[in-house]
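Next come two complexes built around subunit A: one with subunit B, the other with subunit C.
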Partner chain A sequence: MKEQYQQYFDQHGQQDMWRKEALVSFGSLGIPDTSQEDWRYTDFRVLKRHVFPVAMQKKSIDLNQFCLPSCDATRLVFVDGFFKPELSDDLPVGLQVVPSVFQDTDHLRDGIEALNVALCTAALDVVLSASVEKAIHCLFISASPDVGNYTQSRLVLAEGVHAEVVDMHIGMPNVRSFVNHQSHVKLGRNAVLQHYSLQYLQNKALYRHLMTVTQQEKSQFFSHAIGLGAAMARTDIVVELQGEEASCTLNGLYLTQSRQHMDYHTTVHHRVPNCESHEYYKGILMDRSRAVFNGKVVVHPYAQKTEAHQQNRNLLLSKKSEIDTKPELEIYADDVSCSHGATVGQIDDNQLFYLRSRGLSEEQAKKILTFSFAAELLNHMTDPVLQEHARQRLLQILPGDELSSELQEMS
Partner chain B sequence: MKLGSYWLLVLKVRLDDGFKLYQKVQVLMLEIKNLHVEVDGKKILKGIDMHVRAGEVHAIMGPNGSGKSTLSHVLSGRPGYEITQGSVVYKGKDLLAMSTEEKACEGVFLAFQYPVEIPGVNNAYFLRESLNAIRRHRQQPEVDAMDFMALMKEKLEIIAIKKDLMRRGVNEGFSGGEKKRNEIFQMAMLEPYLAILDETDSGLDIDALKAVAHGVNQLRQPDRSMIMVTHYQRLLDYIIPDVVHVLADGKIQLSGDKDLAKELESRGYDWVSAA
Partner chain C sequence: MSSEIDQFVQKEYEHGFVTEIDTDTIPPGLNEDVIRVISQKKNEPEFLLKWRLKAYKHWLAMAEPDWAKLNIEPIPYDSISYYSAPKSNKDGPKSLDEVDPKLLETYEKLGIPLHERAALAGVAVDAVFDSVSVATTFKDKLSKVGVVFCPFSEAVQTHPELIQKYLGSVVPTTDNFFAALNSAVFSDGSFVYIPKGVRCPMELSTYFRINALNTGQFERTLIIADEASTVSYLEGCTAPMRDENQLHAAVVELVALDDASIKYSTVQNWYPGDENGVGGIYNFVTKRGDCLGDRARISWTQVETGSAITWKYPSCILRGDHSVGEFYSVALTNNYQQADTGTKMIHLGKNTRSTILSKGISAGHASNAYRGLVKIAASADNARNYTQCDSMLLGDQCGAHTFPYIEVKNASATLEHEATTSRISEDQLFYCMQRGLSEEDAVSMIVNGFCKEVFAELPMEFAVEAGKLLAVSLEGAVG
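Moving on, here comes the complex of A and B:
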């Protein structure tokens, strides 16, 4: 495998030292397999059989074919892993797109991460010393079949800076591709980041997103992860709370259908006292799909007065769907308030009967109940345009007739 | 000549009476015959017979666990009941052959003994979806948001229910009384032909009881029948029933007029079973 990628690597003419190191690491780490605890339920063996090289020809794309949210934001477009200035807004101060951002190759977690570091074609580098008015929308389009999209973003927010950053992944239908994306966030004192990770890929895509976050004193990190697409998707979020009174909120909503597989692994390290973490993930599983939620919270020694709360709720709409949910709490301090809970349920029969007894068909009633299950998390999205966009996408996937448009105002 | 017109008049009056009587006999809203129902192999209803004509209000009383809610549920199509014998004809159609939603669309409405909470589904939204589902079934045009709001306003006044409850999730966090009122409000909105009210009076304070009774009375019409399950004669002071039934041990043991309820109130149910 490494040899095949080596060949593309050489053609690509990559000189950076850390890329070479990463490629070597890829050789030794390999594609994770299910014998590794963290990858037990998610089998990316397809990455062992297929090589996903960097796109060789630059594809031109008409953005009008996609149903995009109409936000007043700075839009940056990436196609097949390459930045498209002609489709993008001008880069404001503090933003640049570079071939890659330097990575510490000593601590690569797995071969997929290593591959990203070795092959990255475009990296958004955001260093903000003052708040920017507009949100930054990164649109990653996977357009060509059988290529890898190796992209990164680095977000550094200085003291007191507020920002909203959106990563939206979409693709062309029936394109089998591999989207390998990384985000690295550094939040200074009092910085606030609203981060959206919207995975709306097409049915054949493979997706891996690795996100690391470090937070200084009193910083706030809000993550909104919506997963509706891809054949196989894996998200890792690792948050380091390094300054006191920092807080992070991780919200997630996933909906899987047919034979989709979606995996969320989150880790929150409470390294200092007086920090808070809140995590709420909800999942809807249909058909023969499968999802994994693994929420790890580590309260390190001395991290007293930690507040850490985690919940994962799942709605199984099919007997053939499967969810593996696992909270993992490691607590090495004694004065902490931690809670976790995981639920797996079906549509409530009483609720279903109630709606049907008022004339709604079974399918409509199920759609309304499923939607209301998801709505709770959609309502946590602070950006109303993205919220509405996500809502529409979700409603399109759920079987049943269209629901009247008042649903949004009234819900 | 004078004599003749007198006889003509008499004849006309007799014919009118006869026609009304004929109508009364003819317009059967609901006919339950020898209905037997089991739950998990346990016999609950053991041969119910009941006739409800258009415009009538029937009260069903009976001890706890006698099968009153079971009957209500079967009539509205709740899954989980096995009908082992008997038939139910509603407006000339086989009610038992209809799905829950079909029954609702055909005009059967159940006010639940325990209304269900559906957090996250807005009350007003849900009612509009319901109303339009029913209207589509009846090949009537759907009501738009504006008309719906106007209709809602009108009905809210009849039932005397707080408007802001409509902005909340269906029964979400409603008090017991508010839930019961909401059921009657839904009935007012959906305008059924056959309404089954399962203990709508339970848990209501005196004022709420009066308000609900007033609402129900407003909804009484010649083409709408009601079956009210209740434990209290008090409700029947406000909503005068045409017929009172006593359901005990899975059967209608006794039927009578409104005075039967008074007798039950003073003598209890043992007397019925003994009779």
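Moving on, here comes the complex of A and C:
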């Protein structure tokens, strides 16, 4: 495997030193397997069998074929891992696209991350010293079969800066590709970031997103993760609360169908006193799909007055679906208020009966109940356009006829 | 405040003393010959020796587990003596009068005079001193209803067919490192068989103690509850003071057939090491119950306050339809104690239910982790689980961790998991103190309240002991 990437790398890749080092690390780390605790439920062995090189041909794309949210935002388009200036808006001050922003080869977690560092083709570098009015909307399109999309983004917000950044991953139908994306966020004092990670890939894609966040004093980080697509998807979010009174909110919604596999791993490190973290993930599982949630909160020594709360709720709609959830707490300070909860259940018969008795078909009733289960999280999205867009996507996926607008309203 | 903590920290282990008696000990080290000697000394049938050797072979290929949140000093398996029996006349004591008076004295010191306790509390005690059972009481009364309650080595002679059928059926020899080791070298333990339809007329109880220097204790307990029978089993322990770590790797297997019910309660108060974390018992125990039959019920209750390191996950396999598994636990760690404990509930049968209630209290420099698994197999329609694990931190140097694994493969399952971590709030303390309680009493009361739901599950005699134990262990440890 490593040889194949090496071969590709020698012929086509950029030859920076750190990339070479990362490739060596990839050789030693390898693709994670289920014997590793962090990967026990997610088997990416397909990456051991198939090589996903960087796209060689530049594909032209018509954006109109996708149903995109019509946001008033700065749109940046990446196709097969390459930046497409002709499809993108002009880059405002503070934004640039570079070949790579992440060059740390000493602390690579796994082979997938190493591969990203070695092969990254385009990286969005955002360094904001003042708030920007428009949201930054990054569209990553996976268009060609059997290629890897190795992209990165770095978001650095100086003191007091407010911003909204959206990562949306979409793709062409029936294209088996590998999306390997990293984002690294640094928030200065009082900075506020609304971050959307919308994974709407097509049914054959493989997806890995690794996100790290460091927060200084009084900064606020809001993450909205929605996962509806891909054959296999894994998201890691690692938040470091390094300044007092910083807060982070991680919200997530995943819906899986057919044989999809979706995995969310989040870790929040409370390193200093007086920080807050809130996490709320909800999942809907259908058919033979499988979802994994692992939420970890670590309260380090002396991080007193920490408040950390976590919830994971799952709705199983099919007998054959599987959920593996593990909310973890690791606490080394005493004056803290921490909690976590996890539930797994199915549609409540009483609720179903209530709706049926009011004349709805079973299908409609189930759809309404399922949708309203998800809607709670959609309502946390602060961007109304993205919220509506996600709502429509969700309604399309859920089985059953289209709901009339009144019924939509109801749920 | 800090002076109170100091006082508490300096508190000597109450049950620390050594009884000097001659023991019949095999030289340290482990190989096939040692296993043959153990087996020979116990006059075991061929199948058991073969079983031990198979386990030993497997153990050799295994690695010590390192996934638990524990910091374990390397264990010198070669310098442990794997067998130690109190020196006894060949045929063993026939009554209490024949028991070595030194032994009886030990029990006396521990506050549980065997005969008195047995008579007063109506408890049949199968006392295990080091590795061989020396006295068994109330046998007649039990045998009248057909209950078999005897040392494991005796059961091997009298009921080999039951041993052969059930030994290793719940915890196979290959299960884990310590279970494999135990299977190879176990010296003795308790055996219980409750016949069909019998409700055991008294609480069964065993006291395990570790006494001889340098001997690991490898107890093996097997409890079989035949159809529609009921039994409540108590296990409690204290151990003399020691400077080096002592390994204790026990295996407990419970088998519940149709409509049977087993309640297994533990109060564990082994020597936890001194205030600097020196010494103390390593308690690596594999406990598992198999609800083999429909409507079977297995309930684990544990109060863990001792041991330097606890590695223990009493589990239930809910195989029969409508079977029920329960786990109630209080784990208290102080000074440099470490505990990684929890349970596994494996739902296989339809309409199975499980409840997990875990309370962890951590003080000093201790580390206390709950690690649990709730697994709903595809076959387990309408399974139900409720899990609650709460942690309380006393002091800012300790740690409390929760690692709950939830795996669901059946859509009709309903699971709830809740965990909280907190400390005693100033408000609670203030409220109690302004009503005239000392700070220490207030803390003790609040902690007892915190654990109340678990204590309620303990049999009467244990509930009293557990409450006392907790109060003693917490003296001064106010954060």
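In this text, the second predicted complex is superposed on the first by the 403 of 411 C-alpha atoms of A that agree within 3 Å, B and C clash if a C-alpha of one lies under 4 Å from a C-alpha of the other, contacts with A are read in each partner's own complex, and residues count from 1 in each chain.
In this section, a residue touches a chain if its C-beta (ideal position, glycine included) is under 8 Å from a C-beta of that chain, and two chains touch if they have at least 3 such contacts.
If you're wondering where the values come from, they're calculated on a predicted model, not measured in any experiment.
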Side-by-side fit of subunit B and subunit C on subunit A, or clash: fit
Which of subunit B and subunit C A:Glu279 touches, first, second, both or neither: neither
Partner chain(s) touched by A:Leu329 [first = subunit B, second = subunit C, both, neither]: second
Computed vertex angle (subunit A) for partners subunit B and subunit C, CA, steps of 10°: 80
Contacts of A:Ser357 with subunit B and subunit C, given as first, second, both or neither: first
Subunit A residues touched - subunit C or subunit B, whichever exceeds: C
Partner chain in contact with A:Leu403 - subunit B first, subunit C second, else both or neither: first
Partner chain in contact with A:Glu113 - subunit B first, subunit C second, else both or neither: neither
Subunit B versus subunit C as contact partner of A:Lys319, first or second or both or neither: second
Least C-alpha distance (whole Å) that remains between subunit C and subunit B when both complexes are overlaid: 15
Subunit B and subunit C contact sites that coincide on subunit A, given as residue numbers: none
Complex contact set, residues of subunit B against subunit A: 76-79, 99-101, 103-105, 109-110, 112, 115-116, 118-122, 124-134, 137, 145, 167, 169-170, 186, 190
In the complex with subunit C, residue positions of subunit A that touch it: 37, 41, 285, 301-302, 304, 314, 316-346
Parts of subunit C lying in touch with subunit A, wherever the complex brings them together: 67, 69, 376, 378, 391, 393-423, 479
Contacting residues of subunit A [partner subunit B, same complex]: 349-351, 353-362, 364-365, 368-369, 372-373, 375-376, 403-404, 406-407, 410-411
